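The structure's right below; bear with me while I get my questions together.
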């Protein structure tokens, strides 16, 4: 595993790109160079002397730009920690630890289908950026058009982008899983072996995606979220139940797991 | 950072500080404050350790902390058999604190010896093994098994886990039970035995004295304070286990008080743990009578914390002309 | 804010919230959630009290908080004779917490009755008197003296002060001693008797059960956790008294756990105290099984805190369709 | 006692007027109208949701401007709380409780001598502002010239201002107490009865001032500092030892006390 780095990272820019949703650009050379799609970073919301909130917050690497030595984080303000981060302005610094965890693994020769819902698009853009397989398809879903994040950027990767909104305000009316169902249903049985689904989004969505892929016998990798204290494998706090009954540790064995490894009934 | 580099770093800092002093002071101070500490027959190169359960088995931290520069690592609590631990969620954040209910998940003693210990041993990292049993017999068996394993420098006996009891009482809250466990472990091995005390007691001194009498080389305290949190939206305890152990800055005043009390009622070394995030926190513990400290939750938040704590202690002692850790202690 | 105004404020808020609901729900909810609480024969108009030692005797707060709107005020602990309290410094800030070693400074029972009580009585403020003795006899004498004083609605027996002991053991850490004190007070007066428990114990249930058996109408918990702080520059404990009691958000997880435990081992009402600064904190305590709460340190930081806590509880219950406080409780 | 108010106060301006020393102007109508010299306010360093540091910080009212409905605070950054306050910018808000405590009391007909050292000038400018007795004298001391704060403003009050610096960089070389000693020494025994000394500054200075006044039998009032949790008389945390052995409560009985009431050996 390549190194992990704990750095005081300068904020290059921070923009509210949708209500309560921010795009944060950080100068973080070591992380930009070493990160792979699906990995995450731990960000300290406050200054070093601030002890409340105590823990760092995990965020997927949304994009890594090794040339500019920068990374991007796409996040939503949901509580105290994210609110504090959102208040920071360009030029100030954030303590950032990363890159952490195991990202998506690209099985040779398979055609990827990226399935993201809501903030689940965060790790997928990085993945779309680096995919060499240009037959890959991106399926993005949201409740409504305005919540479809980074659509333009996904399109610019040159991959095919399919969209589903629950209210039909853009693309297919309905859920991403319906689009995925149709995509997979259209494939020959043999062709399904050559497809891999990468998914990130709300738990119910990922559960449904995992179920679908199971039914179609299509390989599927999901990126899980859980409460984390360290992100390094020190505390064993980030356990989720596996199919064998043992626990998986999201920060070190994940956050990306083969969907079949996860006990979806206990998440 | 390699060991050599780390030492050079300390050296460099000292040189800088020293150059501000008169020649006389320089001669007087020699090579800076004495940082070595003895725990039974074990000598630590400095008094800053990593607390059990917050530093994995070592390699997890290696990228961000030079472990050879740290007094000792106390590895995650080990039991005879592997343990799966508690159902998630296992952690919850509280004001300046962390609740955990890991449930002592660990690989078991055999896997520890075969697959975790070698990494530490090869690097010459001073290693203390935190052990945990369901019965006095299991503690004894663990001590016997770990005895003479190359690379193990001491045992820390965790009698303070709130979830493990005998006869309905946790070992750590009853002086007699605590003494039994301590005595059995001391009998079963030649290693220095540190007993880690629970704060969930009315009278810390009676427990500390009991384990001292049973032959412990040192006590470490405190383990986490039993607490809980509730998710009011979901109307359910946050932790899968309902209760968890509170750690972090929030508990520092309680830990410090107990260390002060313990240091005044036993003659064996007292190791201070609980909420230490900075050198100034650690110095409070030395002043309260601790001979060494452990950094726990702070490492989770800030994996390099122990290194900065150590450097800060040296700087403070240097600036305030303390020659040894013992001089820091207040009163008798 | 006058009493009338405060009620109007609550009313106005409710009306607003209610207008969002269907007519059916409105009829169902009647006048909003039931906020009355009974402690023995005392009925409180709502479950939010001010904790002893953090609200003076009332007038000190009057400018910034409408006391008639609060469930009850628990005045500063009163002893037979006036007490000067501990030497300064008496307070120290800790991470998300406050250490205090006031040493139970108070005007004594006679001055309280003659010069403090009338102000509360005139305003019809529900008043609970926190009492503190050096011996069982003194507790009893205090209860007898305060009994039938117009304007006193209940007694809260402070057996948890770390600095007051009999036979070397604080009353609050020994079930037998605790029961003795509780029984003596219950005998000596006709008022509802709340016993305030110490968290510095191995087993909160044995104490809670002992005072229930002795006839207490309710238990309140927790008092402060014994802690300390050291000034490393001065190399001395910060507090004049060396040790002090830890309160504030830092201790909330511990208080919540003990309330959960106590609520599951006694049948009398349990009053939750410890680190409550917001409605969401208070709701955690109701879910853990508390029938009422006390706001302590938060009032020191934010004198209007209790009013906001109360309003927030009503809002939450309204939004989440709880009709009574009892429904908030998790499980049995 | 007039009312006390807990208000969310807008920062009108904040300036660093000397190294680590800030002048903060707050819009606080109720406090500006009701405060008297020597009273103080309790300021919350963080936002409402921030619980660390937990306590508010006490600061003297440095100036009150009822017309502009503003107050000023003069403070030095010494720790976490003051550092947080110093980071706040004009336009943002601070939670402020006040006016609190008992201020200086002006005995009718007496000529005031105001003696301030270091930050002790903070409450004295407000006092100088409102003095009707124009024969009053102000004695200000500091280690060196650059640490003499608000000199111009004291002069503008029209009162006589005497200055002492320990290094002699401005005014008399030496301590303020030496200047005071000379002032009082020059007075006839009878005239001393018509003088009152108001003092605020570091403890050793106030102790010396109290001693001098004792020797000359001159009335003296001092403004004390101590750790405070509430500022309202709720916690009894702010005790200092009195001459009778009982405790004085700085936040309610003070912060201004007759110097003779204080047990100077225990401070």
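Letters A, B, C and D mark the chains in the order given here, with residues in each chain numbered from 1 onward.
Everything below uses one rule, namely that a residue touches a chain if its C-beta (ideal position, glycine included) is under 8 Å from a C-beta of that chain, and two chains touch if they have at least 3 such contacts.
Source: prediction; values computed, not measured.
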item	value
Contacts common to subunit A and subunit C (chain labels)	B, D
More contacts between chains, B-D or C-D	C-D
Distance between the centres, which are taken as Cα means, of subunit C and subunit B, whole angstrom	36
Distance between chain centroids, defined by C-alpha means - subunit B, subunit D (Å)	46
Subunit A-subunit D separation of Cα centroids, rounded to whole Å	56
Set of subunit D residues in contact with two or more other chains	51-52
Multi-partner residues of subunit B (each touching 2 or more other chains)	95-97, 248-249
Graph class of chain-chain contacts, one of line, ring, star, complete, other	complete
Subunit D residues within the subunit A interface of the complex	49-52, 80
Subunit C residues within the subunit B interface of the complex	94-97, 99, 173-174, 200-203, 225-230, 232, 235-237, 242-244, 246, 248-254, 256-257, 260, 275, 280, 283-284, 287-288, 316, 328, 330
Touch list for subunit B against partner subunit D, complex	95-96
Subunit C contact footprint on subunit A (complex, rising order)	51-52
Complex interface listing, subunit B residues touching subunit A	53-56, 60-61, 63-64, 76, 84-85, 87-93, 95-98, 100, 102, 105, 248-249, 277, 297, 299-304
